[in-house]
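Consider the two complexes below, in which chain A is the common component and chain B and chain C are the respective partners.
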Partner chain A sequence: MSEHIVSKKVYFVIFGALIAGTLLTYVAALQDLDFIFHGANTVVALTIAVTKATLVVLYFMHVRYSTRLTWVIVAAGLFWLMIMFALTFSDYFSRGWLSYPR
Partner chain B sequence: MEETLATPSETPRVNYLNARYGLKSWLLTKDHKRIALLYLGGVSLFFLLGGIYAMLIRIELLTPKGDLFQSQTYNKVFTQHGIIMVFFFLIPAIPAVLGNFLVPIMIGAKDLAFPRINLLSWYIYMLGGILTIWALLSGGVDTGWTFYVPYSTNFSNTYVVLAGLGVFVSGFSSILTGLNFIVTIHTMRAPGMTWFRLPLFIWSHYATSLIMILGTPVIAITVLLVALERIAHIGIFDPRLGGDPVLFQHMFWFYSHPAVYIMILPSMGVISELIANFSRKNIFGYSFVAFSSIAIAVFGFLVWGHHMFVSSQSIYAGMIFSFLSFAVAIPSAVKVFNWSATLFRGSVSYDTPMLYGLGLIGLFLIGGMTGLFLAAIGLDVHVTDTYFVVAHFHYVMVGGTLMGYLGGLHYWWPKISGRMYPESWGRFAALIIFVGFNLTFFPQFVVGYMGMPRRYHAYPDIPIWQVLNVMSTAGATILGFGMLIPMVYLIWSMRYGRAASANPWALPGLEWRTSSPPPTENFTVTPVVTWEAYEFAPPEELKVIGKLEPRDRADYPPDYPAYTES
Partner chain C sequence: MAEGHAITHEGAGAQREHHAHAALAHHFDNLEQQREAGTIGMWVFLVQEIMFFGGLFLAYTVYRWQFPAAFVAASNHLNVRLGATNTIVLIVSSLTMALAVYYAQTGSRRNQLIFLLVTMALGTTFLVIKGIEYYDKYRDHLIPGSLIPGRPFHWDTVQHPLPIGVSEHNLEMFFWIYFAMTGLHALHMIIGLGILAYLVYYAYKGRFTPEYHAPVEISGLYWHFVDIVWIFLFPLLYLLGRHLEH
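Take a look at the complex of A and B:
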């Protein structure tokens, strides 16, 4: 395992970005963004959250400097998350399809 | 190659058990074998506790009236039975005890890749257990082991958060064990131990570890969300706040269906060892059995919705999940067929471990087949939340996992303890357990099909229902006594059992090529593997030697030529 030395500066910059993201989430939550399209608030919040998570994985967890095998593991984790989302949403999206006689 | 193997004459007097003494040498050990024994203590304790709850349930159901417990108390009893058995016995039992002990030895390694993390996993497990027991002592939980919302978030006034915390914490011990196994199997195999020479026990633990790593974080986050919802009403599951209670079921079963494979896969690994070794025959279709474990691990993640057919889940999603559930039964069936084919024309001996192995094939068959009944939506609507489901999962969890655990414990007991268990007591107990088990759970299929719901402390006064319940309670009593027998004689044998030779069963696997019990570093010399998995002596040689009675096995020449050369 080759150790990659990451300078403190990188950590502080990422930390700053995470704090900024948190504040941005807070500010965005106070605005009603529905005038853009319905549910825009959710999209904005999730985009910020995913960006932050990516930063943590790449820098704090050192994945950016890691071997291909590590990348494969990370990809597998994401793939499994996609499985969970895909099959869960197969429920939510198709719930309205069947019209019941009332 | 000969010189790499331990022969009984060179059995070292110092082994992992007597290398060091004192409490500290156990509590701070980094030896995977000692950690396995720590786990053995832990899971046995929880098994005993869970068993007491089981007996209480059965006594209550002896009569239709709820005369032993209030319904509230009964809810706590079955919940606590479920939580303890699932999270603190069935999930860790085989991987953390037998896997911990054997994975390094079977691949010819000195230890797991991360010995300290291994010890840490035991402490985390115990911490989770203590938190849960604390919840039980403070007043208990009554949500069912499934923690369904909105009951667990909005209505139950029992110790949901504390018990959930226990489950949350103990999950990390699974993750660490899985991580350790994967890294160890990838990087620490002895020279010559190629992937396709691995014993099937290792393949199934590899598959189990994948599930542990990929699935366990989801249950952790799910119980955490329940706790947050309960404490802070954040609105993930509460429709009034924009949440959805069915989302909980999706998240819970995304882990908990794969978790049933965490329980059964290691057991399948044990049984593959038992069937091949006690038939003295290479397993039929090695690579099919190996890859069916991986297939189960992967496809097991795609079927969770079969627990939700009546939850208001979309019928279209239900159809997908139903179809996929039928598909996942295929790799399980592959194993059952291949085990049976292995027995064909094998030189089968009926020692205690093999009795458990053969028992498992039959019981798992019934459990798995009734799983398919339940995976058919129409039939499931009829029997969901009845005793039919209870019977199904006990056939797979007790008939599958517990049988595999007991079989494996007996099979490797000489290696673990350095002593033989009393064979005739062993066979006797195995038969009692088999009979008791079937008497307990078969009537539940019938009464469940007739409509008796699960999770109630009382039932309508229908004579045949009571007859079936009395049978079940009688069976549970037999099963309970049956379970006590091995507990007694295994403990007895640690001191008074006959000393075991390095290879009491005369088998080729690596674990039988080091002394019993093994030295701390497992092998005095790094083994070089030059033989295939399950490479047995040709039948002519067996004929010359003749089939040995088990009582003679300990004196069996461990350097029997057919498996020390290749």
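Take a look at the complex of A and C:
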């Protein structure tokens, strides 16, 4: 069997990081970070969420130890998600840029 | 892969020379190939799920961008303690699911059953807490539209005055998105519980061994994916305006 068995210790370390991330998200959300730049709270919250999701994908879902084909499929999913967001927002953000008679 | 496999064709069926595992489907060379195909199949499904939930996250982003003040006011109406508790519950359930997979891989039927059942208990806890939250929204007339006949959406402007430039419909939009996203997530949890029940039954029968445990492994992928969705839902729905609360 070429299957990689992730040790219990790794699972517990990742679990600890996920719990710490959750507490950090909560504490950070109560602070007004708008003095850094407008919307900094959202950026911090999403950064922690992406980090947590990455840990789950790599270790709980074993992608770190999976074949390259699995990597390609995961990356393709994220890539297409980015296309959906980028193209949609290129529309929404630019709607007010041109003024034209109604 | 064909070399080394002496395949003899006899009548309608081809028989493999090697003594095949009972769980090995006829169209795979060996269990390793079968397991790999299953993992990739589940990942392709999960990529579809990313796009499925992605559409809702996109709708959330568009409307939050259009009605920022309404989203803050409506979000601060959610019960952040219950939301945070559920986040912890789901993360613990992901750990227990990972351990169930571990004990399937290492061949401990007893521990595998224990952790599958603990995962089911945690999943049920999540749904009960979600149900309490939904009931609170029902009580406060915050179920959007006319989903509940005779109980339309109504924002209590006496207790919670509308922020400047915010209409009741803007607040209602937040709750449409809240119920669509958490509802779809809860549906995934219910389906996950069904899958876990199936695993418990076959684990009890001793079907999963260190050689064959692909169903436990790929069900784990599904369970962790549902956890990831919540990892994003919790800050985006419950925490987005907490820093502006006084």
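Just so we're on the same page, the second predicted complex is superposed on the first by the 98 of 102 C-alpha atoms of A that agree within 3 Å, B and C clash if a C-alpha of one lies under 4 Å from a C-alpha of the other, contacts with A are read in each partner's own complex, and residues count from 1 in each chain.
The rule is short, and it goes like this: a contact is a pair of C-beta atoms (placed from the backbone, for glycine too) under 8 Å apart; a residue touches a chain by one contact, two chains touch by 3 or more.
The structure presented is a predicted model; accordingly, all values stated were derived computationally and were not measured.
Q: Once both complexes are superposed via chain A, do chain B and chain C end up clashing or fitting?
A: clash
Q: Let me test your reading of the model: by the given contact rule, A:I36 touches which partner, first (chain B), second (chain C), both or neither?
A: neither
Q: So, A:T25: does it touch chain B (first), chain C (second), both, or neither?
A: second
Q: Identify the partner contact of A:V13: answer first if only chain B is touched, second if only chain C is, both if each is, neither if none is.
A: Neither partner.
Q: Which chain, chain B or chain C, ends up touching more residues of chain A in the combined arrangement?
A: Here the partner covering more residues of chain A is C.
Q: Tell me which partner A:A53 touches in the superposition: chain B (first), chain C (second), both or neither.
A: Second partner only.
Q: Who does A:L98 touch here: chain B (first), chain C (second), both, or neither?
A: first
Q: Determine, under the contact definition given at the top, whether A:T88 touches first (chain B), second (chain C), both, or neither.
A: It touches chain B and chain C both.
Q: Using the touch definition from the top, say if A:W80 reaches chain B (first), chain C (second), both or neither.
A: both
Q: In the combined picture, which part of chain B sits where chain C already is, 20-28, 236-244, 326-334 or 542-550?
A: After superposing on chain A, the stretch of chain B hitting chain C is 236-244.
Q: Show me the chain A residues, by the header's touch rule, that chain B contacts in one structure and chain C contacts in the other.
A: Residues 76-77, 80, 84, 88, 92, which sit in both footprints.
Q: What part of chain C is in contact with chain A in the complex they form?
A: For chain C paired with chain A, touching residues are 32, 35-36, 39-40, 43-44, 46-47, 50-51, 54-55, 58, 61-62, 65, 80, 84, 87-88, 91-92, 94-95, 97-99, 102, 105-106, 210-211, 217, 220-221, 224-225, 227-228, 231-232, 234-236, 239-240, 242-244.
Q: Hey, which residues of chain B end up touching chain A in the complex?
A: Per the touch definition, chain B meets chain A at residues 214, 218, 246-247, 250-251, 254, 301-302, 304-305, 312-317, 320-321.
Q: Considering only the defined contacts, which chain A positions touch chain C in the complex?
A: 1-3, 5-6, 8, 11-12, 15, 18-19, 22, 25-26, 29-34, 41-42, 45-46, 48-49, 52-53, 56-57, 60-62, 66-67, 69-70, 73-74, 76-78, 80-81, 84-85, 88-89, 92
Q: Where on chain A is chain B touching in the complex?
A: Chain A reaches chain B through residues 76-77, 80, 83-84, 87-88, 90-95, 97-98.
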